[in-house]
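Pasting the structures here.
Presented sequentially are two complexes of chain A, the first with chain B as partner and the second with chain C.
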Partner chain A sequence: MKKMLFVISNTPYANTHNAELLEAAMVGAVFDGIVSILFRDDGVYSLLPDQHGELIGQKTISKMLSALPTYEVERLFACADSITKRALTITSSPEVVALSLAEQTRLIAEQDVVIGAQL
Partner chain B sequence: MKYTLAIHGAPYASQSAQHGLALAQALLAQEHTIERVFFFHEGVYQALSTRVVPQGEEDLLSKWQELGQHGVELAVCIAGGIKRGVISEEERQRYEKQSSSLAEHFTLVGLGQLISAINETDRYIEFPA
Partner chain C sequence: MSLHLVFSRAGYKACMQRKVADDAVILLADGVYCLNIAEGDNVHILEIDAKVRGVSVPSHGAKPIDYADFVVLTEAHNPIVSWAD
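So, the complex of A and B:
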């Protein structure tokens, strides 16, 4: 089975890309893929607690994240630089491992495919 | 080699489709195989049958359909498609809409078809919005 990395780099509610990519990641895991997710750039805002998507008529991203372990998606990573630059404190559950740029390079190099590319 | 391509951008919003089509045509010219082109996010709008091409502009829809006629599967994410109004005749009936809007040679498929195409091919290449 292939190693798939889903990269989430948009703000959680500017469009529906994050929700759609998380759905794809869950399906990847259902199909026995070895799934990892990397949050970087504005994508790290997805990891903030107390989100209420219902107030703007959208799916709550943090709720989707908490469902990931049910799909056996447990390899969750975040770009340490992106978190620091935005002065965020991430206390999200499920647990997310912060990675340096060098570690992200290694994570990407290990994959068969990367989904959610940015220009 | 066998390829899966993914198109993430809407027509006129990015060059996702132009770049994807150019690669697809080059791959076929060199006798590679494209298992499936998967239209995801706003890329689902590429499959809208109701698009009218302004004079002097490239007819991207016909170019996708030509690929479809050459055996390339044009797969539109069903969840992403129907919520954006890209619906097949079957979905039109299911949701009791006035008209369908999915162009010929495209099919609505689940996300599982993206994952299985990735699993079955040598390369996955994505064209972001």
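So, the complex of A and C:
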């Protein structure tokens, strides 16, 4: 079974990249991958609770996140530094584990595949 | 008086360094993420864009506006300056 890490680093509603990466993560899990997701830099804005993408005709990222455990994507991580810098209070459901940079280094090193998108 | 449209965090910083103190500012799109660092009396925030992103707008500070208010502000100011990056 392949270990896959999806890295989300951009804000959620300027384009549809984050929604597409989350969909790819769900597909990875359906095909028996061991899927992790790491939110870093502006990607941590995806973790704010109570979003309403439907108001601008987009998928609501916070709702997609709460669906992830159903797809057996339960390893959600966020860069602690990125959250602190932006003074955010992130969602508690699903649970997201905050990681130091050293912990992120270990997370990345243990993967078979790392998939990310950066503008 | 100028109206500054702030579309991002980088845009907010660039705008703050260059605007006249009491110029009007609208935070919109990803610019709404600047709400917790925005300062000044003449700062507005496009409420729908905040709601989309899960950014809650407190009763003090930046004034929440809708698209109709946006049009009124656009008519009342010149020039209109966009700050995207």
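One rule holds for everything that comes next: the second predicted complex is superposed on the first by the 115 of 119 C-alpha atoms of A that agree within 3 Å, B and C clash if a C-alpha of one lies under 4 Å from a C-alpha of the other, contacts with A are read in each partner's own complex, and residues count from 1 in each chain.
What we mean here is this: a contact is a pair of C-beta atoms (placed from the backbone, for glycine too) under 8 Å apart; a residue touches a chain by one contact, two chains touch by 3 or more.
Quantities reported herein were computed from a predicted structural model and do not represent experimental measurements.
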On the A-aligned overlay, A:G43 touches which partner chain: chain B = first, chain C = second, or both, or neither?
neither
Have a look at where A:A14 lands relative to chain B and chain C in the superposition and call it first, second, both or neither.
second
Quick check for you: in the superposed arrangement, does A:Q51 touch first (chain B), second (chain C), both or neither?
second
With the touch criterion stated at the top, can you tell me which chain A residues are shared between the chain B interface and the chain C interface?
none
Quick one: in the complex, what on chain A touches chain B?
1-2, 4, 15-17, 20, 23-24, 27-28, 30-31, 33, 112-119
Residue numbers on chain C that touch chain A, as the complex places them
8-9, 29-30, 33, 36, 48-49, 51-56
Going by the contact rule at the top, pick out the chain B residues touching chain A in the complex.
6, 14, 40-42, 77, 79-80, 110-112, 114-116, 118-119, 124, 126, 128-129
Chain A residues within the chain C interface of the complex:
11-14, 42, 45, 48-53, 55-56, 58, 62, 86-87
